[in-house]
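Next come two complexes, and both contain chain A; in the first it sits with chain B, in the second with chain C.
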Partner chain A sequence: MSPARRTALGLAATLLLAGIAAPLLPRWAGFLVTIAIAKALVALGLLLLMRTGLVSFGQGLYFAIGAYAAGVGADALEFTDAVPMVLLGAAAAGLVALVLGLLLARYRTIFFAMLSLAFSMILYGLLVQSSALGSTDGFNVAARTVFGLDVASPVGRFGVYGLAALVAFVGAVGIDRYLRSHLGRLAPAIRDNELRVEYMGASVRNVVHLHLVMAAVLAGAGGALTALAVGHVDPETAYWTTSGEFVFVAILSGTSSVAAPFAGALILELLRSFAYEHAPNTWQLVVGSVMLAVILFLPEGLWSVFRKRRRAAA
Partner chain B sequence: MNTSRTALSRWSCALSLLLFASPVFAQAPAAAEQKPFKLGVVTFLSGAAAGPFGVPARNGAEVLVEALNGAKGPGAYAKKGLGGRPIELVFIDEAGGTTKQVSEYREIVQRQNVDAVIGYISSGDCLAVAPVAEELKKLTILFDCGTPRIFEDGSYKYLFRTTAPSTMDNVAAALYVTEMLPGARKIAGINQNYAWGQDSWADFEESMKVLRPATEVTTSQMPKLGAGQYGAEISALMAGRPDVIHSSFWGGDLDAFVLQAVPRGALKKSTAVLTCGETATHKLAGQIPDGTIIGARGPHGAYAPDIELNRWFRTIYQDRFVLSPNYPAYHMAQAILGLKTAYERAQGASAVAPSQDQVIAAFEGISFETPSGTIKMALGKGHQAIEETVYGRAKTVGGKLTFVNVKRYPAGKVNPPDGVKSADWIKTALKPGK
Partner chain C sequence: MTAILETTGLTKTFGAVTAANALDVRIEAGSVVGLIGGNGAGKTTFINLVTGYLKPTSGTVHFDGLDITGQPPRLITRLGLCRSFQIPQVFDSLTACENLLVGLGIVSMRRKAFIGSALGRQSPEAVAEEMLQRFRLGPYRDELASTLPEGVRKLLDIAMALAVKPRILLLDEPTSGVSSDEKFALMDLVLEAIRAEGVTVLFVEHDMDVVRRYVHRILAFYEGRIIADGAPAEVMAHPEVRRYVVGEPPVGGEGAC
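Entry: the complex of A and B
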């Protein structure tokens, strides 16, 4: 079995399991998993960028655009179903990345990180100023139906969760296949030596531009899903700490597999929730200590645990 | 090989501890006689708002609930806990943004099974939690946030707010300015650039223009939240020579602004109106110039009425924490006493605990006594409180800050009637002669 097929099958099995588990999960856990998936989608985009040798500290920009686009879709365009809201969120973020990519694709390393951070903070500033969008208080977002199912119905209340799982599946399989494609294999090559890639006849800037747009589409979808799950958007989504959290998830998970961000995001959400409950005054300390432990003991991220085991077995 | 196995076992140990230890903690043995009423309390325990707001509110909840559980409450509040049932508090940090707060709200309601939630200082958190409270059908009392949008834009069954919306602070500030400073015509503002600051300035400016049509705005400065340095803004304020400088600053920003503006004489040449000034008066006693107009977001702190309930609350608070309770602590007391009143009214003479629906029915539209006087749930179909508010001017006597020209505005005068949006109400009802 080819590795691509194995990954796809593994992800499909997880998706199926998630579907079966949905009614069994307590309701708070359903929400937590939805948020973890949404954040993992953004981290999945970061994984693609990190494989290309780029670290973006500004994915909050696309995350916020996705969230606000979903909200504006509900308010101004009168969407009532969650599916077009998520599509609109992803498309809007992709479009912005297409334009900003003209500039961003020229920069690397710290300059790329700082420029992406700057763009997200510009959006944050604009959102804080705009009283029509509720300034820092934000506004509520609600979908009445998901795939035509009423969200208040017994099946429909799993709608956003199901939608998130489906988007995650499509995103993960898509990125996995892409990374194994001709174009996708250029990513590590670009990270290692751009000059050689150019000599081979490929355009580094075009590939980087494409990856920026792909990462933005994933972040936009993640933002829209978060807005729908939480029922509220505010400018905090574009703030640098939000972007930093996505980088945190990506580092915690490691970049070796497209499944890693999902495991990493889920562990972070669970960890934070339990830390909130048992150490309301010092939860930041708990989360920080875990991050430190991962960097010390698992420098390649949580996923390296699985990989090492597999290698040991082989 | 070896290292990876140790790392793996380390991880599985940590994870299993994490996953399996928590339910053990969660299921603490229940009290012997009556099942305690589990009350979730959400306030800032970390970040910039923790010191001035979150922690005093938590302290207020702690001492008050302890006293109530010991059946030590005065007058109408003498019964133990809620109708004889002890109250068990579960504290949650409000820091972390709206996504985290919605997640935590679901967590305490669905996993920890709290019987009710009291919380939220940030208006953004209040707006985000409101629809979730309806979805989860859990009695939720907002205790401190100010935005009028919650009950003006929506209608709720499970949501209550025992504090008046912030409109009142700025309408009353404008009424006080027009009365106390008959010559004041030029106004300026310095407010934090986020929803609270923007709304506060908009309400004050609009009220001033209605009350005194000749009002002229020299400048409106909007530095960012937590900026700390206001040199340029103070210069801009002074350049226009305004009669009045309005500010809704709070916490460290307010302290920093006062400390930077006073040496430059900005608050002597113009009269400052500090709508949240009360929290700063405890520390900055010697610094605030005489004549500065100070608000406390209602009849709290130094403006609280001289009644037995207030003297009792101040005593139990000071006995534990030395400092006097500030207005967030008073707001917390309002929420807890509102819940207690509704709960005991719903229970009546029966020995059985009332259902949540009965408590909600009893809560709608009630009036109850608090350390800040009588609160009436008058707006939002009986879910939103109104209260009187107070303004006064600072006067330092022998190194101690006192208040002179204290004026109380009855609740009906500074809050819109039910069903009217505050923005529309300011434009129509404030007109002189009405």
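Entry: the complex of A and C
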């Protein structure tokens, strides 16, 4: 079996299990998994950028745009179904990245990270000042239906959860296939040696620009799903700590598999929930210590545990 | 014969240093040309200028009749003017096979975009396997490039340049960093692979035995100028070449040149 098919089947099986388990889980667990998936989508975009040699400290920008676009879709465009709201969120974020990419694709390393951070903080500033979007309070977002199913019905209750799982599946399998394509193979090549990529006839800047847009689309979808799950958006989504959390998830997970961000995000959400419950005043200390341990003992992220075992078995 | 590469008055200055001084070079299609000269003679600068890494201060570069002066490396590479590097520029986190696939993949994507389909053509994967065999890189197929011995990296670097379908290949010191008893084996391998595709070759070389054995013509550089140009025996006998490049006293000991 090809590695691409193995990844796709593995993800499909996990989702099927999650789907069966969903009605049996308490409500908070369904919410927690939905949020984890939404954040993992942003981290999946970061995985693509990190494979290309870039770390963005501003993915909150696209996350916030996705969340606000979903809300604006419901309020101004009168969308009642969650599906077009998520599509609008992803498209709006992608469009913004298409424009900002003209500048961002020229920068690397810390300059790229800081510039992406700067753009997200500009959006934060704008959102805080815009009374039409509720300034610091934000506004409520709700979909009446998901795929036409009423969210109050027994099946529709799991609608947003199911939609998040579907987007995650399409996103992860899509990115996995892309990374194995001729174009996707340029990601590690660019990270290793940009000059040689240019000397092989490809435009590094165009590939970086494309990856920025792809990562933004994923982050936008993640933002829209978060807005739907939480039922609310606020400027905090664009704040630098939100962007930092996505980098945290990406580093915690590692970049060796497209499944890693999902595992990493879920672990982080669980860890935070339990830490918050048992140590409400020092939960950041617990989360920080786990991060420290991962960096010390698993520098390639949590997913490298699987790789090491496979290597040892081989 | 038609010139595939032609420079006129190609000049590059770095502050007070003139690294290329009004170079007029004409390379005929199908030839194998050696570029010799001591350190700082301007050999690599010439390659960097022709392939677009450096912008000339003045002068022009024509490839197959087309003015390519000041164009970026990726556009020049796409036309079929490719190079290898003195220090191997390989993708360290990819395997030897994947390194070749980067170039082959780029070529195949471009062909699909412009010709519509790659029907009847060999897949990039098949070409990669074939190139690995031809360059005797088979045993290193799945090894990461970062772990390969220097001579193998050198070979991979040249194979990568050949993967992007050059019409003329500029090799920057293909045998530097390769042990002296492997030099001829490497050059035999490289030139055999290159001749099979009918590629014109221009290579920079320090080892005069290697130069004598493989080239039709030699260009000798000294301080950014061409001091001799012609058949190997003729250039090797040139007094300036003997003094500045080969490092032997001038013939007859009179020093008249």
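The criterion applied here is as follows: the second predicted complex is superposed on the first by the 314 of 314 C-alpha atoms of A that agree within 3 Å, B and C clash if a C-alpha of one lies under 4 Å from a C-alpha of the other, contacts with A are read in each partner's own complex, and residues count from 1 in each chain.
Just so we're on the same page, a residue touches a chain if its C-beta (ideal position, glycine included) is under 8 Å from a C-beta of that chain, and two chains touch if they have at least 3 such contacts.
Bear in mind the structure is a predicted one, so any value in this text is a computation, not a measurement.
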Worksheet item: Which partner, once the models are overlaid, touches more of chain A's residues, chain C or chain B?
Response: B
Worksheet item: Of the partners chain B and chain C, which touch A:L183 in the superposed model: first, second, both, neither?
Response: second
Worksheet item: Once the shared chain is lined up, is A:S203 touching chain B (first), chain C (second), both, or neither of them?
Response: second
Discussion item. For A:G134 in the superposed arrangement: first (chain B), second (chain C), both or neither?
Written reply: first
Discussion item. On the A-aligned overlay, A:G148 touches which partner chain: chain B = first, chain C = second, or both, or neither?
Written reply: neither
Discussion item. After overlaying the two complexes on chain A, where does the chain B footprint on chain A coincide with the chain C footprint?
Written reply: none
Discussion item. Which stretch or stretches of chain C touch chain A in the complex?
Written reply: 51, 53, 72-74, 77-78, 82-83, 85, 89-94, 98, 101-103, 105-110, 124, 160-161, 163-164
Item to complete: Report the residues of chain A in contact with chain C in the complex, numbered from low to high.
Response: 181-183, 185-186, 188-189, 191-193, 195-203
Worksheet item: In the complex of these two chains, what residues of chain B are touching chain A?
Response: 1, 4-5, 7-8, 10-11, 14-15, 18-19, 22, 25-26, 45-46, 91-93, 97-100, 102-104, 106-107, 109-112, 123-124, 127-128, 130-132, 147, 149, 193-196, 198, 224-225
Discussion item. Help me check something: in the complex, which residues belonging to chain A touch chain B?
Written reply: 26-28, 31-32, 35, 128-129, 131, 134-140, 142, 226, 230-232, 234, 236, 242, 267, 269-274, 276-278, 280-281, 283-284, 290, 293, 297-298, 302, 305, 308-309, 312
